[in-house]
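Common to both upcoming complexes is subunit A, partnered first by subunit B, then by subunit C.
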Partner chain A sequence: MTQTEPVTAQIRMWWQRVEIKRIVWIWLGITVVLAIFALIVPARVMGSPASPTMRAVESTMTIFSVAAAPVMALVLSVAVYSLTGWRSRGSEPPIGDGPPIRGSGRVTATWMVVSSVLTMFVLIWGLGEMQSLSAEASAPNAMVVNVTGQQWVWTFSYPQNGNVESDQLYLPVNRPVVFHVTSKDVIHSFWVVEMGIKVDANPGEVTKTGVVPDTLGTFVVRCAELCGLLHAHMETQAHVVSSTDFAAWITAQESRAS
Partner chain B sequence: MRRLNVVTAVAGGLGLALPGWAIARHFLEENDFGPDQVTVITMVCWAIGFMTGIGAFNGPIGWLRGHDLTPEDELFLAGKDQGIRRYFRFTTDHKVVGIQYLALTMVLFGVGGTMAMLIRTNLISPNSNFLSPQEYNAIVGLHGLIMIIATIIMVTGPFGNFIMPMMIGARDMAFPRLNALSLWLIVAAVPVLLSATFLGGIPTGWVGYAPLADQAPPGMDAYMMTIIIFAISSAVAGANITTTVLTMRARGMTWNRTPIFVYGVVASVGLAIPAFPMFMASQVMLGLDRTMGGRFYVASGGGSPWLYANLFWLMGHPEVYVILIPAMAALMELTAVFSRKPLFSFNTAVLGIVGISVLSVMVWAHHMYASGWAPNLNGAFMLTTEMISIPTGMLFLVILGTIWRGRIWTRLPMMATYAMLWNFIIGGITGLYLSDVPLDYALHGSMFVTAHFHYTLMGAGLTGAIGALAFWFPKMTGRMLNERFGFISFWLVQIGFNVTFIGMFAVGLAGQPRRVFTYNNLLATGNFVSTIGAYAIGIGMLFLMYAVISSWRHGSLAPSNPWGSKTLEWTVPNPIPLENFTVLPVVTSDAYGYGEEPFEPIEGPTRRDELEPAHVGSAADEQSTEGARP
Partner chain C sequence: MGTVRVYLKASGAVAAGVLVVVLAGTTLARAGTTPGLLNATVKGTAQTPVGVLPHAFLELATYPDSLAGEHGPDGGSKPDWVSYGPTTNLSAPAHSLVTITIKQYDSGGTITNPYFASVHGTVDGTMTINGQTATASKVDAIGHTFTIHAMPTNQDPLFVSVPLRALPDNAKPAPGSSYPVPNVVTFSFVTGGPGEYVWNCEYPCGDGTYANFGGPMSARGYMSGTFTVA
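And then the complex of A and B:
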């Protein structure tokens, strides 16, 4: 104990120590910067949503990012301060050892409680969101669309509308739709990017996902599971149109088929 | 026996593989599954021939004939007085095996990294056409599998073999011949894996999902055989390392005096023991599908692709912790040394490692949220997955607590700890997004996932391995690592890494899927930035490779304990004698007593002329060894 000040010699309370104050300031600064970043950037990069599902996804992204900001800032603030305040400069070995702190029950307990609470928050948030989204997609008046993946095209058929088939997806706006997804060969993954839904297309199985498209426009349908040579080109369009336009499209397709 | 080396091994492998190929071709060519049967038979012949040629079967064959090895034979096997040639033999000395693993890891990183450069070059613009779609898909799978194998062995291979036995005060591993066997099995598997390049590649990504794998070219057989050989190797290595740690720790080294790195290595191989048989089983079934018309994964024949996905991820998730835990443990070990402080709460560190290990076998289906396999279980898997953030947070606490008020000595190894903190917090937070089921529906299969796991496996794992290399280099080679080039490499790699993968997060959020050779024009900027960052990583890695090779040959000689560490491996003199300790050490305290005893100055890096005669690190206990130092 010759070179290090004994731990018991601290008279001031721990929060009054200069280094703690500095770390708190650094932590606050980094938290603010990260929180601003979290509020603006991720949702914007994800693009404008075309369904309540995607809206929920983007708000979850933002909320988790904001919640993560103080955690990341804590790690960074201790790291940043240690590189300035506690650093032994030069390539020479440090003179003397640090204080022999072998742990602190209070710190460990606080850490465990805080990380458990954050985990609980993330979990409960996620479960609640799953619940509301599954309720939304299983509405009784939902339109069924059968989706078939094969190397490397998508086929959509509308069993409630005379089994019309199309290689582009047409959906009426604001009407719940349930996709029954399957594959003819290998595993594909049916992904409507702007609607935030995805489910694998498995050969021999039918998987389901649902959404309520609430924005008019043209969106991207992609394959999200490597499915062979031209996986990169396995892409088509999803058109969300008004219900009259949708009815007109169905009629046109039926007359073309017959 | 004394003439066998890697040349006879290759000769043996080719000597069996070529006739095997010719005979198989003659009889099986006509058949529907001919090409795959011929490929598999050739590869099995290669592996058996190679292992015979290296001398792996000499012991068992000797026993069958009623012989056992004489002491001279054993000394020969341990590589006594053979200079550089022992590195090319079936050598049982754990230090030789460690160096062999290190060289192998570097070769694999070189090959896998080159492939990463090709992938990024192809993605520099939406329609670069640098690679054809076939080549691109083949290289993506190869890059993935090579890097996974390299990262699995990168810490437990070199440092688990070279350092860990010395750290627990043992003279060698419990089963030295099994140790050599585990290494040479991987060496035998490497040509098999690389042969995929000429057999159509691995066009399935590293996951090898069936039924795409059922229709893939014979490159898939190379994948299959590599995994089967690798699984045998990891079982052998796992049995060996766990036995060594359980039975050969020095007298007095109770569990709470065992260094944390030892826990990391044991947790890693302990997870690998149940994980890899799953992978092996999945590949045996794939082999039956491909060579005999089995229908395990083919829906039309009553099989299910979900069977493969489950078996794969039962291995696949523990496997990421097989990679991560020993790297984190190595960083904890060196953080105590470079902060000049005891590890903050050793028990928390152990609990964190155990907690991660236990939870990691219960989370596999979070890779399958969107697969449709069991949507009703998604909530349960979300729970287990998110719980892993608690023990992971404990490891962060240990490292931050150890840094807290330390005397931070920012040499190259310690810089790796700081880089890991930055990278792993990003990797961890993005992992939390992916654990959330609705968010995962939006992000699964996109570049966001690719960026996330590179942040964990490369940003935390590989950075940890580089820190471990910089830390233990003086002990492994007897020379100091060139820090100037080390630092140049460090900054190039870390900045390049963050540029590459932050760009990749962005394009992933914007909707770019994984494993595509072309993409929407709107994503061009993010991809261009990623590619430039990747080139910086590549150049940085070349600097590191240069630093390692040149320091190994010409570096300044290292004193036996350049960092003033208290673990046992540093009490062994340089160069390390054959069985490490002439008198086995006795341990009376743990290795983290910094600041708890009168201060002694650390010997700085010494030049050859200043080097004092090596003292024998065999004192009765650790403390008195420390005390004996001038």
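And then the complex of A and C:
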């Protein structure tokens, strides 16, 4: 193979090699399997989304997984064929390696361009998603909820609703919420899985994240930062209710506190 | 034949490795001491907001050291750590009214999260301190708390948190005792179906550690434990 040969001629020449054909077929097969896996499994593992944020997280995971499928398949197909087709058989080791490929500008350029396109796609997609998430956290009509983590419980207060406090999180459906998150002791991480939000709770600092819960139901709030003896038990519930039910809950909490 | 032997040897090596890990794990697990279980004593029935239920009682205490609880009269390896007693593994019957009395022998200070200065999850949201009904304790006079976590599992939710008023720093030992006269805190709550819960103290009482949440606050058998509803 030389730089002066046309690309089509080089490809035709490669394709005449039986091992290349086999590797390509293996690559195609693994790519299909991985792509199907990427389309079905990651989103299912992450559960039913309860917010646009979580839907964005799941679609990002799915698209990134599909994009990674042919790359991973290429590595696996070459590895599989190396372990089987190019395996040295017999009791004696091979005399030496095959001839190395050197000086192929096209191979190098193809590798760099494909890698660059893939990484730029991941970067631009990720920045776009992060921008949309930060927009939710700064919505002007957002309800503020102060979240406090401590070993090994969560507490929530509602400064716009008479500083009502609770050990469980109550949110009105379809209203933007901004969480002001802090810790009383060590570092925790406030994580509502189905809503796709997770942010560290640092002692002495306030971190923010936002979400628009759009699904009625009860979800799990957990700590995602190993924080000590009962870290595994640092869980509570997040209830997404109608605005009427939320107002009734606030009223009930206020009357109980007075 | 040679290939088969290689695979057999490799499989044997993997199996031996697994066996070693399993043996080490089970040995270490059995080496740990499990505090004794304190079962609530049922004495008759009681009227509750959900009807007439069996009435069970538990008696606990919080000490400024580990000399009177489950660690023995010498206090075990950390005799100066604060502790609950007589044990930290508790059990109460399901669908019952549970009344817990805690004798609080320790001093204290300001709780970091005022939420836990209030009573949560008890019948009527109240407790009694030395016979006086209260819904909270002063945030700057908390010795400890008794807080059962509301784990979001398939079991019935159970969240109870009660502040335990601190004794003065200069409280003198009562006659014939190495501890002062305690604050006696009593509260009641209703259990649901069977379940496994955990409880711990939410007042940072691990003096000398980061944020006072280390030491006895981060070790089993001192300021945390299990609460089994059976």
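FYI, the second predicted complex is superposed on the first by the 236 of 258 C-alpha atoms of A that agree within 3 Å, B and C clash if a C-alpha of one lies under 4 Å from a C-alpha of the other, contacts with A are read in each partner's own complex, and residues count from 1 in each chain.
Please note the rule applied: contacts are C-beta pairs under 8 Å (C-beta built on N, C-alpha and C of every residue); 3 or more make two chains touch, one makes a residue touch a chain.
These figures come from a predicted structure and were not determined experimentally.
Student: Given the touch rule stated above, what does A:26 touch, subunit B (first), subunit C (second), both, or neither?
Tutor: neither
Student: Scan A:57 for contacts with subunit B and subunit C and give back first, second, both or neither.
Tutor: First partner only, subunit B.
Student: With both complexes overlaid on chain A, does A:250 touch subunit B (first), subunit C (second), both or neither?
Tutor: neither
Student: Just subunit B (first), just subunit C (second), both, or neither: which does A:34 touch?
Tutor: Touch status of A:34: no partner.
Student: Would you mind checking which one, subunit B or subunit C, touches more residues on subunit A?
Tutor: Of subunit B and subunit C, B contacts more residues of subunit A.
Student: Scan A:115 for contacts with subunit B and subunit C and give back first, second, both or neither.
Tutor: Only subunit B; A:115 stays clear of subunit C.
Student: Taking the superposition on A as described, I'd like to know which of subunit B and subunit C A:191 touches: first, second, both or neither.
Tutor: A:191 contacts subunit B only, not subunit C.
Student: Is A:42 touching the first partner subunit B, the second partner subunit C, both, or neither of them?
Tutor: In the superposed model, A:42 contacts subunit B only, not subunit C.
Student: Look at A:211 in the shared chain and tell me whether it touches subunit B only, subunit C only, both, or neither; answer first, second, both or neither.
Tutor: Once the two structures are laid over each other on A, A:211 reaches no partner at all.
Student: With the two complexes superposed on chain A, say which partner A:228 touches: subunit B (first), subunit C (second), both, or neither.
Tutor: Touch status of A:228: both partners.
Student: Taking the stated contact definition, name every residue in subunit A that is touched by subunit B in one complex and by subunit C in the other, in rising order.
Tutor: On subunit A, the overlap between the subunit B and subunit C contacts is residues 185-186, 203, 220, 228-230, 233.
Student: Inside the complex, what are the residues of subunit B that reach subunit A?
Tutor: Listed in rising order, the residues of subunit B that touch subunit A are 133-134, 137, 140, 203-205, 209, 211-212, 215, 298-300, 304-306, 339-348, 370-372, 378-379, 382-383, 386-387, 389-390, 393-394, 396-397, 400-401, 403-411, 418, 421-422, 425-426, 429, 432-433, 435-439, 441-442, 444-446, 483, 506, 509-511, 513-520, 564, 592-596, 598-599, 601-602, 604.
Student: For subunit A, which residues count as touching subunit C in their complex?
Tutor: Result: residues 148, 150-153, 155, 157, 165, 167-168, 184-186, 203, 218, 220-221, 228-230, 233-237, 256 of subunit A touch subunit C.
Student: Touching subunit B in the complex: which residues of subunit A?
Tutor: Of all residues in subunit A, those touching subunit B are 1-4, 19, 42, 45-47, 53-54, 56-57, 60-61, 64-65, 68, 71-72, 75-76, 78-79, 82-83, 86-88, 91-104, 107-108, 111-112, 115-116, 118-119, 122-123, 125-127, 129-130, 133, 181, 185-187, 189, 191, 193-194, 196-200, 202-205, 207-209, 220, 222-233.
Student: For the complex, which residues does subunit C have touching subunit A?
Tutor: The contact residues of subunit C facing subunit A are 112-113, 115, 120, 125, 147, 149-152, 157, 159, 161, 198, 200, 202, 204, 210-211, 213, 217-220, 224.
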